[in-house]
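Got a structure here, written out as structure tokens. Questions coming.
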Amino acid sequence: MIGRSFELPELAERFGLELKGSATAPVFGVATIERAASGQVAFLANPSYRKHLPETRAGVVILREEDAASCPVPCLIARDPYVAFAKIAALFDAVPEPSPGIHASAVVAASARVAASAAVGPLVSIGDRSVVEDGAVIGPGCVIGEDCTVGAGCELIARVTLVTRVRLGRRVRVHPGAVLGAEGFGLAMDAGHWIKVPQLGGVLIGDDCEIGANTTIDRGAIEDTVLEEDVRLDNQIQIGHNVRIGAHTAMAGCVAIAGSTRIGRYCLIGGGAGMVGHIEICDKVLITAMSLVTHSISEPGEYSSGTPIQSSRDWRRNAARFKHLDELARKIATLPQAKD
Amino acid sequence: MIGRSFELPELAERFGLELKGSATAPVFGVATIERAASGQVAFLANPSYRKHLPETRAGVVILREEDAASCPVPCLIARDPYVAFAKIAALFDAVPEPSPGIHASAVVAASARVAASAAVGPLVSIGDRSVVEDGAVIGPGCVIGEDCTVGAGCELIARVTLVTRVRLGRRVRVHPGAVLGAEGFGLAMDAGHWIKVPQLGGVLIGDDCEIGANTTIDRGAIEDTVLEEDVRLDNQIQIGHNVRIGAHTAMAGCVAIAGSTRIGRYCLIGGGAGMVGHIEICDKVLITAMSLVTHSISEPGEYSSGTPIQSSRDWRRNAARFKHLDELARKIATLPQAKD
Amino acid sequence: MIGRSFELPELAERFGLELKGSATAPVFGVATIERAASGQVAFLANPSYRKHLPETRAGVVILREEDAASCPVPCLIARDPYVAFAKIAALFDAVPEPSPGIHASAVVAASARVAASAAVGPLVSIGDRSVVEDGAVIGPGCVIGEDCTVGAGCELIARVTLVTRVRLGRRVRVHPGAVLGAEGFGLAMDAGHWIKVPQLGGVLIGDDCEIGANTTIDRGAIEDTVLEEDVRLDNQIQIGHNVRIGAHTAMAGCVAIAGSTRIGRYCLIGGGAGMVGHIEICDKVLITAMSLVTHSISEPGEYSSGTPIQSSRDWRRNAARFKHLDELARKIATLPQAKD
């Protein structure tokens, strides 16, 4: 952390929050409500942490109106304390500002074009006809193939691969190990051998998207694989060819979406969930962790599959019965019914 | 896309297809049946897209005999339209032909051997005693360790790692981020601490295999981990040490196979499926997405596990009952039975 | 393999094992009990391989006392044959010893510090204020960002990324493609758009940990993400921000742990298992493969979820019934009960 500090009234004004309590010292960092010391900003959003409020020693706590009375230190009142915290914490995020220019060890094709204000780090390779626009940052070890575009203000943190025909909008962030534009899994069985179906499309990523570490997004077979604006993908997600993901949808780690599936806007997909190919999910669908979606969903709402965790001893008994559940149900139908 | 174009009679002859309708203009690319314009090749394989046929404006449609009558434009009759499309689309796949030679930024060990016809891209590292054979292409950022062989005509797209003792057959394609030959997860508990079991084997990949982006294949503990010929692995698959996969088997994304399991030929493993270690799966087994295989399978056929997706409200009620399914079944056995 | 060989009495003495049978020739490698030839060391730990013992042609077999009588060749008696094998096999593991120094193609920031006894391989990048301690090995293609520490004796095999504020203890091994210290998935919805919650913490990895290929460990939001000593993670595991994993816990491939979850010591997590965020798992918990843990666990023991693998035909019938399991249970409650 570096030595930036802020007075509480300054924070209140800057972010439109109400300050309660007598502001004594400036703050210079953030901490959890449980461990914060004076000089640190904490927040209370999740009610399960409310128990720590009476003892907190934070310099200031960002919280909802109704929690202000129990706060022993100054507080900033926010309708959404987590959002306010996100904005204030950003003040303390000492992100290094890379200087524009191309590192001497980078290998840039003659037909590629890199904006003067962009920063290309060490050991980067950029292929034919690719373009890096204003203010974009290409971190160490990235590989950009042919015919790609990295939009203005994008950041490829490190060791990202854009294979071919990948176009990133503005301010897209891609984390290390992500691979965009690899060949989709297009195969046809021909006389006992697999033959490859050429993958002639690309990948189109909207403004403000974020792609997690080691996530893979295949390029389209004929048309493009598309992420609309502000889509947020966590780590180790797999997006098949020709998938389309609506704006503002977010997916937790290890989700897998098979080819040609279309997902709506403002969906939330839990970690490890899967979707088969060629289905459509409407807007505002929430899928819980490790569920498998095998058909289209046309009603907003929350969906699940799987069974609950139990001791293996109990689980084994129940699982054995699951194998014969249909028989059991048929048997029940044959039992004498209650009389009225 | 580049400017290659083909006359329809030329395509018909080249791929042994029957041309129906009066061929007017040449074609210069591919498109979906829904969006194709004149000058583009479309295909109809999946019956659910048949509804788009009467309105298609494609230059030509590849389809089955029985669909020809409904086609408003010229068509090419194929027994398997998807296979025919794959072959025709390949004509339009403008794959850059890398020139042979070793890029100046690559670091190649003195004891390594690279064929004169192979192409080694920028920022590649090749370790001691490794061999790159005729016509192989090693894309930017790949790391090849010690004692590896990259067979003739292989393509390592970019940022692939072969750790040690990895031997690729001919025409193997490996996508970015894949890691072959890492140490398997061999551990033994010794007096409260884990100790490492040395992983002395390698990885052997047959001809014409394909390995997806960010897929990992561990090297064997004593003998090799083996993929026979024409095995196709999608992205983010994990193959444990000493697994053996039979020829022509294909796996969709995110499959995980634990150590020493043996899988037969012509199997199809759905996305996100898993297999425990030390089991045997016979030829021609199909596993549906996200199923877990916990025992050997000796009969060809299709296998599944899991529960169907439902609204979370319904699911929670059913899942709560699953936790007591054995009790329920026992209770049913005590109920009065129907009399004949 | 290189030409090291060992006399059997020498092995017995070195590892405190009893040698039975007349030791004739030295051994120079390891093999499975089924395939070993004279001159090779085999072992028998798993009873299901006992059938191969009478026919083995190994130079020596490491086994338990009770199997000695059935062994046709010399044997070394061990309480835990797998542990003894691990130690003996290490003698034959010809790990290349990289020479200290920084490869000419590596790019090291002026403010970074690399110990004279450390080895930094080709095409490595090391950022500002990072430290590589005594005897550490940084393999080809690794990217180390800002403010990281690689402890004494660590090994980053190849193409590993440490993003920022990652501190590795001593003798930590990290396999290719792993990404430590990427931004956690911290998002808040603000007026219909996602905003980023800054991730100001780091990653702290204890001594003797091992991190598998393509595994990702996010840095903490406020405090650190922590692995205590001797934690062993297999490939393609995802560890969310602020997770804490207790000493000696091991996880098989493709496990995913969501943010802020705390896991105890000596836990074993099966392949593909998942845990939701903000829960606590006590010591000595075993989770079977592909189970989802949705609540805290406070009792040591084995836990499972899911349903057994079946033919899809049977599975579909049972799965259809699962969707109405609650109704079925309610119906049973209405049936006439048995009279005493």
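Lettered A, B and C in written order, each chain numbered from 1.
Rule of thumb we're sticking to: contacts are C-beta pairs under 8 Å (C-beta built on N, C-alpha and C of every residue); 3 or more make two chains touch, one makes a residue touch a chain.
Every value quoted in this text rests on a predicted model; they were computed, and no experiment measured them.
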**OP:** On C-alpha atoms only, rotate subunit A onto subunit C and read off the angle in steps of 5 degrees.
**Re:** 120
Subject >> Same or different residue numbers at the subunit B/subunit C copy interface, by half rule >> reply: different
Subject >> Whole-Å separation of chain centres (CA-atom averages), subunit B against subunit C >> reply: 25
Subject >> Junction residues of subunit B - those touching two or more other chains >> reply: 105, 123, 141, 159, 177, 214, 236, 254, 290, 306-308, 310, 320, 322, 325, 328, 332, 335-336
Original post:
subunit C touches which residues of subunit B in the complex?
Top reply: 105, 107, 123, 125, 127-128, 141, 143, 145-146, 159, 161, 163, 177, 179, 182-183, 185-190, 192-198, 200, 214, 216, 218, 222-223, 236, 238, 240, 254, 256, 258, 274, 276, 278, 286-288, 290-295, 297, 301-308, 310, 314, 317-318, 320-322, 325, 328, 331-332, 334-336
**OP:** Over in the complex, which subunit C residues touch subunit B? Could you list them?
**Re:** 1, 29-32, 35, 48, 80, 82-83, 85-87, 89-90, 92-93, 96, 103, 105, 121-123, 139-141, 157-159, 175-177, 208, 210, 212-214, 230, 232, 234-236, 248, 250, 252-254, 271-272, 289-290, 306-313, 315-316, 319-320, 322-326, 328-329, 332, 335-339
